[in-house]
Amino acid sequence: MQLLIVNPNTTASMTQKIGDAAERVAAPDTNIIAVNPDKGPRSIEGYFDEAMSLSGLIAEVRKQPDSDGIIIACFDDTGLDAVRCMTDVPVIGIGEAAFHMASLLANKFSVVTTLSRSVPAIEHNLVRYGLASRCAKVRASEVPVLDLESDAANARQLIGAEITKSIEEDGAEAIVLGCAGMTDLTASLSAEYGLPVLDGVACAVSLCEAVVRLGLRTSNLGGYALSVGKSL
Amino acid sequence: MQLLIVNPNTTASMTQKIGDAAERVAAPDTNIIAVNPDKGPRSIEGYFDEAMSLSGLIAEVRKQPDSDGIIIACFDDTGLDAVRCMTDVPVIGIGEAAFHMASLLANKFSVVTTLSRSVPAIEHNLVRYGLASRCAKVRASEVPVLDLESDAANARQLIGAEITKSIEEDGAEAIVLGCAGMTDLTASLSAEYGLPVLDGVACAVSLCEAVVRLGLRTSNLGGYALSVGKSL
Amino acid sequence: MQLLIVNPNTTASMTQKIGDAAERVAAPDTNIIAVNPDKGPRSIEGYFDEAMSLSGLIAEVRKQPDSDGIIIACFDDTGLDAVRCMTDVPVIGIGEAAFHMASLLANKFSVVTTLSRSVPAIEHNLVRYGLASRCAKVRASEVPVLDLESDAANARQLIGAEITKSIEEDGAEAIVLGCAGMTDLTASLSAEYGLPVLDGVACAVSLCEAVVRLGLRTSNLGGYALSVGKSL
Amino acid sequence: MQLLIVNPNTTASMTQKIGDAAERVAAPDTNIIAVNPDKGPRSIEGYFDEAMSLSGLIAEVRKQPDSDGIIIACFDDTGLDAVRCMTDVPVIGIGEAAFHMASLLANKFSVVTTLSRSVPAIEHNLVRYGLASRCAKVRASEVPVLDLESDAANARQLIGAEITKSIEEDGAEAIVLGCAGMTDLTASLSAEYGLPVLDGVACAVSLCEAVVRLGLRTSNLGGYALSVGKSL
Amino acid sequence: MQLLIVNPNTTASMTQKIGDAAERVAAPDTNIIAVNPDKGPRSIEGYFDEAMSLSGLIAEVRKQPDSDGIIIACFDDTGLDAVRCMTDVPVIGIGEAAFHMASLLANKFSVVTTLSRSVPAIEHNLVRYGLASRCAKVRASEVPVLDLESDAANARQLIGAEITKSIEEDGAEAIVLGCAGMTDLTASLSAEYGLPVLDGVACAVSLCEAVVRLGLRTSNLGGYALSVGKSL
Amino acid sequence: MQLLIVNPNTTASMTQKIGDAAERVAAPDTNIIAVNPDKGPRSIEGYFDEAMSLSGLIAEVRKQPDSDGIIIACFDDTGLDAVRCMTDVPVIGIGEAAFHMASLLANKFSVVTTLSRSVPAIEHNLVRYGLASRCAKVRASEVPVLDLESDAANARQLIGAEITKSIEEDGAEAIVLGCAGMTDLTASLSAEYGLPVLDGVACAVSLCEAVVRLGLRTSNLGGYALSVGKSL
């Protein structure tokens, strides 16, 4: 099966990291294609970046018409609804993937994301997906997306501090890391803090493989009615 | 005061209609500038069209840096959050404007929109805004956006039929018309059906004037932190 | 247009303050009539005072049958539903006005009110209006209503302390001041704390002008069916 | 124990009926005092009547300072919060009493009340009490309160028709009769329709006896802080 | 009237304590039968213990076919729905009893229970009953169930510390003690902290007496359809 | 990987059907072990059957300590929380599996289950999982579980009729079949009605494989703290 993973920002090193994380969890017969747009925001931190990334994201999806499944590798699930109107193959956002998986493992989870400015968009998604009641709190580590690579040790420490608070103050039983760039931290954080720590990229790849194998497809009856060829 | 009204679709006749509706309710000293992008969807019906309209919408906002307030004239409130990250002047969507105003006049309202495919996006907005509990039902008249102009008599009849059901089946005490293209129907429908019928364009103009006059501004502390000059 | 503003308590100096605040934001052709009952509670702090103020409030409304819009100038929106059953002109409470306006400017707001005893009534209104999910927290400054005038410096300091907590602990992006007597503090607090600070009186006047200008009226179909001449 | 039951409307025959219903279910050592104000609405149908009944209701409560518990015998629970600020004895509304008791017997209940105009007030109470999710639907039989006595046979038929719909369309497993004047219909409707049919007066008397016997009292810490002697 | 109280754990000393508490509040003509299973968990702390107690609980109910009402004396309301499918007499859990009664006395209550592991089950019940919005917080005192007897002084101190936090941090106006083994602490804690402190056993006995006296019965129409003789 | 699938009822032919359905979707290297208890209800229809199946269910789980993942093959997710307290391997219910997967494919889904008596238990699970807002309606086909095998043609017709209503009346974009015994109907119903039709068994197998492959485990920190060796 061929899975298209679109990183909606233009930072190729992050796309590489995402692609590597996907390869690590993908089945042997899954072909991962990880791409990013040429133009658009270098990182997605809040609503404006989301909007500015959509044209590029949609263009990348169009370039790969043979995908069996599509993953949107931004924790805000940018453009998720729009891409579902382009196809009947499964389309999964890394944010929703992590929320749904965490709900199978724990009564409540907390999210640890990058900046405060990203918190409302994540909270809105949780409300829309119905899973707000499963999320104890969305916490900002105040680590900018691009610092996850340039200053990794400090980033890990700040994220760890929020995990501690999630356990002690929120009653969280699992942690969702709220940025595609945190994908390499899950195993060591889980071991250190003694609870499941989930990364959206890994969750989305496995979930998407599962949905594709079951032969399930995006419903194009209603809100995701096909728009291709319609409006441009 | 100068109010910028952006119709995010590219149908100039609809922009004209929206501008006229705005002029009718604007104060004498309000200068209405109604624009639409050159490129993008001709109508916005669902998530894909929303996404495809964003670049054009944002470009139009950038062209008018002297606006005292900005109105997004698509009932889905397309790009509302993104535009709020570009400025500290008030930014108001015609959907939210109508929902808030209807909440001041009635215990519950119903929405009558165009196609079924647009219903989920409206329902999601209502949930996000917190006003889902005030909305009895979102109903589709199955009138395509562009037919509102080309086949107006039939459109009015179909919309009227949904208003009747809203009153009898939903317990609605007011009606929100769910498309910028329905703006010229409010007065006659209100008279015919005996309850307030609200159009988002008129509501947004008056609300925006009110907010501007009070000197209130978009909060740029948190989710709407300014993104200008950041990511492109 | 003539707007009737009823302060439901009997403290004339507060009525004067409210009237002045209304005049400052009203349009030149708006005629503000600010009144209070002769008999009833001197301040409204909680449910009992609310109930005891209703007869006087309704009597004042009856004295002004030519109003184009009516504003209830108590943050608990005392008697709002009842007055809507007396008329088809718009009737707006200062609490709901501030909540709706804040929802247009910020993802979430906090309320800073007077005493703890007033908190549950405000929380109940937020739930009823549907806007509880937009309010991060209702905070009490523990400043009694009448101390807002007699000990203004101390009051401002206590209110400011709660604004700081709202930003740091609640993630609030805007502040709603929860008492008609705080109307003169908005501008300086907004400047000091760097986020929108809203006063219900100003919000209600502007909103009411907007609704009246649009020709919208209270729905008398359903819960607000006219009761005049019915039951006494 | 002495229980004060205040019918907030001025129709003495209804007070008599309420008092009789209370006597039928009260324990032998419970002394029922059923009263109504001299002045105020003859029936309470909607928000305006509620407001107009409050002065009279509070005056009646004041006349009986030796009550061990107080019941407000209007299905809208008019003045419930206000009376709780006057005393630390238990104060129970017949609406909430029926909602809570029905929640102990059935997964979901429907309410059958008098007029459509009363529905929003009941829905608001359900939301406030937290029990909206337990109520399948609030239905209006369109029987005016005073017709319950003058045209009883027709009233029973209309109410029965709504019970049938509640079972078939709402999935209701119990019925709450939404008016103090329906108190004599419960047994025969329950037998005819084969599910619990609850009357608020009976529920409130038994609940109030239970609370009084347990020595529990209204909390005066917070929203129900005592207001007596304060504001008039 | 005969009330069957089933303690679903096998600790006879706790059954004795529960029975004594029930006797103290029961009416003179109420015959309390307090029992526990022979086999099963010695205490119920979380989901697994709940499941393991059900066979024994159901067997005890079957032994007493002449009960007029049944009380399940575990704060998790273990098996409540199942027992309602065995009979049409009222069946009341001590958790729900306390939640409903607290809702009649206070705007909001907090729960103080034993261990953190029990918190999610209680929170789930609150959501299901509809009363989550009335509960400010479920707090764990970290006192194991059986220590309530063996180390009572320390237990009382830890519970008291959580009550203080409930008042100061949660805005709780009443306290529900979240374990049948805390039943002897209510009076002294209520006196010390100045707010209603409720015990589920006492609440359930009084509520059950009230329901039985009213002649109300469990609805067997729908989710509680009788299962006796069906599936074994 | 070894997956244990426990059918909590004692009907071996249904266990066979469930096992076959699981084999069809499982990966080549997944070893499916499908079992049922010897004693307990022959079918699970409502709360009582759920309770009576728990001992047998838990005993079956104990017999297979080497499972890498556990699936509970009853649509009510009977015993899900309890089994999670026995292990740190993933434990997934077929109900939750289908709800989460449907949420990835459609804005809203409807559930078509067997009998009306099963509806409230499913609704309660949806509320608890947070996904009630994603479910348009839970519908009963009034086909008893065991008739799914004995009278398959009629069953399919009744289920189809509810699917039609789900699309036309509920606005459902996907269908979840609400019984493990319906597992062989998904493909043909999906083809006939033109929208995704999901079966919990298939969804749970694929989801469980995904979670196991990711190395994620049930959180034993909090509500699912290990109970093994504790209370018996």
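For reference, chains read A, B, C, D, E and F in written order, and residue numbers begin at 1 within each chain.
Everything below uses one rule, namely that a residue touches a chain if its C-beta (ideal position, glycine included) is under 8 Å from a C-beta of that chain, and two chains touch if they have at least 3 such contacts.
Computed from a predicted model, the values in this text were never measured in an experiment.
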(request) Going by residue numbers, if over half of the contact pairs line up, that's a repeat, so tell me which of D-E, C-E or D-F repeats A-F. (result) D-E
(message) As a test of understanding: of all chains, whose mean C-alpha position lies farthest from that of chain F?
(response) C
(request) Please decide if copies chain D and chain E contact each other with the same set of residue positions, more than half shared, or with different positions, and reply same or different. (result) same
(message) Distance between chain A and chain B based on Cα centroids, please, to the nearest Å.
(response) 30
(message) Centroid from C-alpha atoms only, then distance chain B to chain D, rounded to Å. What do you get?
(response) 42
(message) Centroid from C-alpha atoms only, then distance chain B to chain C, rounded to Å. What do you get?
(response) 27
(request) Mark out which residues of chain D touch at least two other chains, giving numbers and ranges. (result) 107-108, 116, 119-120, 124, 127, 133, 171, 222-224
(request) Identify every two-chain combination in which the chains touch. (result) A-B, A-C, A-E, A-F, B-C, B-D, B-F, C-D, C-E, D-E, D-F, E-F
(request) Quick one: which bits of chain F touch chain D in the complex? Just the residue numbers, please. (result) 116, 119-120, 123, 127
(message) Going by the contact rule set out above, which residues of chain B touch chain D in the complex?
(response) 107-108, 133, 171
(message) Quick check on the complex: what are the chain E residues that touch chain D?
(response) 25, 27, 90, 92, 96, 100-101, 103-108, 129-134, 167, 171, 173-174, 187, 194-196, 198, 202-203, 206-207, 209-211, 213-219, 221-224
(message) If we count contacts the way the header does, which residues on chain C are in touch with chain D in the complex?
(response) 40-52, 54-55, 58, 79, 81-82, 84-86, 116-121, 124, 127-128, 222-225, 227, 230-232
